[in-house]
Structures are given as structure tokens and as C-alpha cells.
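A short worksheet on the structure shown next.
We just call them A, B, C and D in the order they show up, numbering each chain from 1.
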Amino acid sequence: MITVKYFASLRSIAGKEEDQFNMGSETTLINLTHEISKTAPIIGEMILGKKVMVSVNLDVASLESIIRDGDEIALLPPFSGGI
Amino acid sequence: MSTALESNVRIQQENFVVTDEIEAIKKVSRNIGGITTFLGTGRELSKGENISKLDFEHYPKMAEKKLEEIRIQAIKDYGIIEMIIVHRIGEIDIGENIVLIVAAGEHRKETFKACEWAIAELKRTTPIWKRETTSTGEVWVQDTP
Amino acid sequence: MSTALESNVRIQQENFVVTDEIEAIKKVSRNIGGITTFLGTGRELSKGENISKLDFEHYPKMAEKKLEEIRIQAIKDYGIIEMIIVHRIGEIDIGENIVLIVAAGEHRKETFKACEWAIAELKRTTPIWKRETTSTGEVWVQDTP
Amino acid sequence: MITVKYFASLRSIAGKEEDQFNMGSETTLINLTHEISKTAPIIGEMILGKKVMVSVNLDVASLESIIRDGDEIALLPPFSGGI
């Protein structure tokens, strides 16, 4: 299973903190995005339109990145820490 | 990870005391001559609207990892002796402390540069989000494109 | 002179507490979002020699006047909200606080600029002198030509 | 009387903290410097060679400045405050 975490404004849009997707042993972020789009097309569009960044196991990743079973994906809206 | 990580970069709900962080960094070396500190606090106004409350959320583990990367790179690139970064999460009132960066070095110039770079880099790379509550409601602030 | 002069620029023998100065400057406005602080401390090494003690002397009244001029110009030129400057005189041990500059503003950039300018200007214009005691004796440091 | 104050290294050289000079009601800093040189030629040379700054009533002044009876002059070696 692949875990997808939603943060800040994304959590409100998704209506949940995280999801689980069964994508087999290996796939790409873009394939995962298509899977997310099936139930949350708005979020899919945000990912493809680079409105949110995506991290894989705590590092920012590109949509072409390979992801594997057990990976932790997070959808990161623009940061606003600091002041 | 080293104990340095645990003490020198922190994300926490509770407030911090600037003097305590400065005294901690002073203990690292007797050759510290300059310490530049940046403290971010909650402002009342944002884009002309009155803010009544701030709320910070972070991505645990990734946020701490980014802060530690900033600390390591600041020490390496600017030749400072040590850096402490503390960011608070949760509810924060107007005037309260939000973020602290302490850069200690032998001379003042590198500590100013390192401190200014670190707060900009934190805003750019660290997964922390701010929600402002105003009279018109709550909104997640989106500073960085 | 105003009470601002008495509290915001000071030359004193006793130590200061950074947190106290920051809390004092925070009270000036609820629109402060960034506070940059520079703290100068006594280093052990100077030009390769081990220092055992520092001693600062000032020209009373003129030194305070120069610090107040720096404060006023920093607020005016950099658009910050307030500045506090404290310089200690008398004997100071290694690691102890010497000088503190606190610049508070709405945004961080002007506070970094104002703080860095103020410490350079203090060194250039304020009649304060440092005497270093090393194993080879005592010497008045002459930084500025 | 005009008061002349010596600071830091200058105080060691002068061997005192301050001096009094009777220069009439009005003169220039350069004339005062010549007067100082009579008893302390080294200090006179330092002033003329700009090794020390001179202040008149708390403001830095040039050697051509007019000084008056009652003024406070200070001889200021290069500053080394801050760190």
C-alpha cells in the first residue's frame, strides 16, 4: 500500500488526513495522481498543474519519480512558515 | 541522528526563551564574537486585515529534516560556528513568538548573512503552513508558489 | 530628552538580558513581525593571542548621543518601528555580553539591514574603547582609523 | 577656560584625565593644539597627523573650528566599541 498524506488546505479539500492506495509493487507519481483524480479530480488537477508539491519519503519529488509499495507520499500546498 | 539535531533544530508547541537559546549556543565555543538572531512574531495586520489568531501546522519528520539541512548548509556555506532553529506550531496569539534563528560565529558579517539566508530558506523549503483567523474567517496562507 | 532616549539607548556596567529587551520592543507595536538582534560577546582569541579580559571605556554623554543618533537614523532610513541599543562598559570576561542591537519592524528585510548598519555605525562613530588583556600585557585596541 | 579630556590610550600618554587651558574668549582648535604641544608634543603631533579625532561639546570637529571659553574639547583615539 502507498500512503498519501494531505496537509493544510489540501486536507480540507480531501476531507481527510490520509489515504491508502494499492498500486502494486512499483509505479510512478503520475499514475498515482490519476488514481487520486478518480475520487478527487480537483486534487489531481492541482498536482498536475503544480499547485502543490509532492514528497516521497520526506523528499520533494517530480511526477516522473518511481514510487514503491510502502512509500509515504505527501501533498504539500505552498509553504507559509516563518512569518 | 546526533543529539545536535534534537537540540539545535526543533518544532514545538511551547514557547521558547531567546536568552536560553543564546546561552546554549554560546557554550559551543569560546571563540564566538557575534550572534545574530531573527525572531518572527505574530503581526496584527496581514494585507490590511486584522488577524485575531494564527495557527501553524507542519509535516512531522520532513519539517525537522529540512531545518537540519538548513542548519548544516548555513554552517558550511557561511563559515559560522553553530545555528539554532526553533519553529512553533499550534495556536499563536498576536505578539507571540513564532520562529527563532540564532547564528553564532567568530565575526558579525557571516552571522548576519547566515541568519538572513536561513529564514528565507525556511520559508522556501520547510513544510510548515500558517492559518490566519480574521473577522471574515479562516484562511491558509500561501506565500510560496 | 524623551524617555525613549533613556530606555532605548543605554551604556551600562551591568549585564543585560536579551529576552527582556525583545519583550520591551514588542510592546511598542502590535504590528511587529520581525525582530533582528545582534549580540556581540567577548572572544577568547584576537589576532592569534589569547585574551583573558576585556575592558571598555566610553566618553559619557557623547557616546549616548551617538547611539541615539544611530537609533533615530535607523528608524528613518530603514523604515523600522523601533531600535534598542545597549553597550556595556567596564570589565568583561570571555563569553560575556558586550553589545546588543535590537531592530523591530513589520517585515524581516528592513530589520536585518537596519541592525547590520547600526552595529557598523556604532563601531565607526561611537566613542567607546576596548582594552584587551593578554599574556603579553594590556593594549587599547584601535580598530577604526 | 577650555577643558581638554583625554581618553583611552591618550590618557596614558597625557598621564592625566583632563587639562584646563586659558585661551581667551575665542580661538581655533589648531591654536589649542599648539598650546597642548608645548607640554605634550607627541599629542600635538597625533592631533595634527589625524591619529586622533577631536570633539567640541560632544560633536566631532575639524582643526579649523572656532572654540570658545567654556567649551569641552575631547581627544578621541580610534574607536573600538562593539566587538
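Just so it is clear, contacts are C-beta pairs under 8 Å (C-beta built on N, C-alpha and C of every residue); 3 or more make two chains touch, one makes a residue touch a chain.
Computed from a prediction, not measured in an experiment: that's the story for all the values here.
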Where the CA atoms of chain C average out and where those of chain D average out, how many Å apart are those spots? 26
Distance between the CA centroids of chain A and chain C (whole Å) is 49
Whole-Å separation of chain centres (CA-atom averages), chain B against chain C: 23
Enumerate the residues of chain C that touch no fewer than two other chains. 33-34, 40-43, 108, 119
Counting only residues that touch at least 2 other chains, which ones in chain D make the list? 83
Make each chain a node and each touching pair an edge, then name the shape: line, ring, star, complete, other. other
Listing of all chain pairs that touch each other, if any do: A-B, A-C, B-C, B-D, C-D
Spell out the residues on chain B that touch chain A in their complex, using ranges where they run on. 40-43, 56-59, 61-63, 65, 87, 98-99, 119, 122-131, 140-145
Inside the complex, what are the residues of chain A that reach chain B? 5, 7-9, 12, 55, 58, 74, 76-83
Which positions of chain B touch chain C when the two form their complex? 17-19, 22, 26, 30-45, 94-95, 106, 108, 111-112, 115-116, 119
Going by the contact rule set out above, which residues of chain C touch chain A in the complex? 33-34, 108
In the complex with chain C, residue positions of chain A that touch it: 83
